[in-house]
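Supplied in structure tokens, the structure appears directly below.
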Amino acid sequence: MGALSDLRTLALFAYWDLLRMRRRTMFVAMRVVWFALQVTLFALALSAMVRFRGYVSQGLDYYHFYLLGVYASILFSISTSNAYEVAEEFEEGIIEYHLSLPVKRRILTLGRAIGGGLAGFIFTLPMFGIVLALIGGATPWAVAASLAAALAFSIGVVGLVLSIVLSVKSGDATDVLFGVLDAMIVRLSTIFYPAVVLSKVAPYYYAAVSNPVSHFVDLLRTFFFFEEYRVLAVSDPAIMASYLLGFVAGLVSAAVYVVERKLEGGGWR
Amino acid sequence: MLAVSAAVKIVDFVKKFGDTVAVDGLNLEIYEGEIFGLLGPNGSGKSTTLLTIATVYKPTSGDIYVFGRSVTREGDEVRKYVGIAFQEPKAMWVDTLYELLLWHARVVGYSSAEAKSAVRDAMERLNLWEHRGKQFYQLSGGTRKKLEIAKVLIQRPRLAIFDEPTAQVDVITKHALWDVIRELRQEGSTVIVATNDMFEAERICERLAIMYRGRLGALGTVRELKDRIPGGDVVEIGYEGSREEVERAVSRLPSVGRYVLEDNRLIAYLNRGEEKAAEIVSLLTSAGVKVKRIMVQEPTLDDVFFYFTGARLREENQDVALNRGATPWAR
Amino acid sequence: MKDFIKACFLVAYRDLRRFWKFKHWLAAQLAMNLADVVIFALVLNNMVNRDYIPDYVKFMSTGVLAIATFASAFSIGREVGGEMRREVHHYLLSLPAPRAALAAGRFIGGALRGLVYQLAFIVLNLLVVGVPGPVQALAIAYTSLLFSLSMSALAIAVVSSTRDFNLQSTFRALIYYTLFFFSNVFYPKELISLRFPGPLAAVVTHAPISRAAEVYRWGFGYYQSLDPMALPEVTLWAIILLAVAALLYTRNLSRQ
């Protein structure tokens, strides 16, 4: 009975985030335009501009390499955008309302992380479909594994968002932190360039190989271009998958910790 | 009779937003130097009228003249005369209270040095000085309203408009605002106050207009409006004597519309109650009835408001079968 | 006239002062623009085809100067939109200031933001690309002034067309991304001409950001010559956008 009730509550909190995402039509439109221009113009121009053959074997060109990068970056960006939602909820007193409900903190946090992750995942599904079509010839196994990885990644990023926003408890700090994080994490990852190119600037290389975005995007690339890409990826596929799982478990646990131990008794600045 | 010039002359003013008619053929004059109250239920067109006077909106048809200048053709000139305290305070959330007022002072014509002193004076007067460094979003609803009032206080315009100025403010601020309004008037400003607070309207306004569904429901001084309610005053007289004598005496007074006799009390519903009470007493005394006590109660402005708006609404909707002969509050 | 100039100055001052209040936006924008040069360009420099771009860091530094100026001048639209949603424009409309002064003041305020923000990137270009001569410096200043003025006007006109937050943001984003991607900031025009159909290449070449970036590239010495049409086109864009924006903004403000 208790477990069933917890599950129901968890589903309700996940639903809360799904509803919020549904209302953000502006954000959806903006990201769709960004995505369309990225895959049609930016990626094509960039692939014409770079010398990629020197790094990879036959069968993988920069355009296909970058397509999965665009998908990873849009999923990351949409998942981090939850930060602004949560900050707004704090300012509107909704977080206090949630804390006042007869719900376990753990369930509340898990529900929000899963809901936010699910919302980002569902929202980017059409874009994932377009990327798949542009890549062509993907195996069902690769598609299923990529979707599972994408959902896990999105939940992990929302866990990160909840941990940070609920710790700093400041709208301004949230804006600055996530603006900078979005700019830096994407550029210091293997979204635009393979790790081997980054290795020429040592600090960037180490930042990229420890960056969860790199692990996620390279895992996707390995799923689709296994033979061609495995030598370029930041790590071994099993290690990348483990890293991703650790990222999700660690950050969702961090969010639970913040909500259970740090959030209560503190105001919003 | 003294000739009074119009500060604001509203002529056949119509304002539509899409298919919605906010104001429907309003004609009204507001005299120079008076404190004029604009009453009406929500959505009656008060704010739309005020915003058009301030040139924020343009009339769909008709025109409004402010000190003889047309809001449709001479907006730049009109704005030199008008200052408005909005119903919903208007500011961006990042600006501090002091910055907002200082900028306002500069844009309404103060030099840099004068602006600082005028802003400080206004802020101190409205107990805002301690909040000067706070950003707009950090302010309470009441403090935000004070910000709007401070703007007009600093500007000291020839025509000051207050749109529901005391909603959300505490009693002390309410009195401070009334003082500001009276002070502006003493300095020669014309003041328009839109309000739903009947006590406020009665206390500070010299003339009132009641708007209803975009039209003018009633216009006049508070006394005139009260007198326009049929049988509006209540005169209660305690007596000793024959009930028949009292009935006979009262029936000789056509101004008494309706009356009730119970427990040696005469309760009469009429207009101009204070004047008529003396007549009733005189008639009763001459008929041999001993008058023991007299009480005259005039209608409140709430009653006036209801009479010109609520009762009419009910009449239109025909939800309640009305006894038209009786006063609204006696039903 | 004196009243007009004073009102114009006060309105512009109001917008410029508020620029500092959006510290979070500035920090994020700065991080993104700097990251484009010191991370993206630096790393991609190892991958780009030298036949097209001999030095991608220098190429991007000058390009980022154009998009930084554009983005900061364009940011005024966000606030004008916010003001319209909160009906703060009712307050502005009620002030004793001519409507034209209100519009001009806002355009100038937005332009000043662009100019102030670009200073850091001018220093970056002086360090990374080169020092302009007097003629080039004048061309840079002229371009910056007109470019930021026209972008500020464009943002204001677009956002004031509707009070719906979703529509405002969608319009802004649509124009922002279109101008951003359909420019030669990230890729040279030679490459666009080679890989994309003729009309698209022409759009990219004559887009305002591309033209500004070209002047900057020539000004700081990355290009040896400048297309003689670049500066006239910057001027033309400014005239067209300012005229349309002034009309739209004043009409949209007093539409009710």
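Which chain is which? They are A, B and C, in the order written, and residues in each are numbered from 1.
The rule is simple: contacts are C-beta pairs under 8 Å (C-beta built on N, C-alpha and C of every residue); 3 or more make two chains touch, one makes a residue touch a chain.
Just so you know, these numbers come straight off a predicted model, no measurement behind them.
By number of C-beta pairs in contact, chains A-C lead all other pairings.
Distance from each chain's C-alpha mean to the overall C-alpha mean is smallest for C. As a whole-number value, the distance joining the C-alpha centres of subunit A and subunit B reads 58 Å.
Here the spacing of subunit B and subunit C, counted between their Cα centres, is 50 Å. The distance from the centre of subunit A to the centre of subunit C, with each centre set as the mean of the Cα atoms, comes to 30 Å. Under the contact definition stated at the top, not a single residue of subunit A touches 2 or more other chains. The part of subunit A that touches subunit C in the complex is made up of residues 25-27, 29-30, 33-34, 37-38, 41-42, 44-46, 48-52, 55, 172-173, 175-176, 178-180, 182-184, 187-188, 192-193, 197-198, 200-201, 204.
Of all residues in subunit C, only 23-25, 27-29, 31-32, 35-36, 39-40, 42-44, 46-49, 52-53, 165-170, 173-174, 177-178, 181-182, 186-187, 191-192, 194-196 touch subunit A in the complex they form. Residues of subunit C touching subunit B in their complex: 7, 10-11, 13-14, 17-18, 21-22, 79, 82-83, 86-88, 90-91, 93-99, 254, 256.
Taken together, the subunit B residues at the contact with subunit C in this complex read 17, 51, 54-58, 75-76, 79-80, 82-84, 86, 88, 90-92, 94-95, 99, 103, 106-109.
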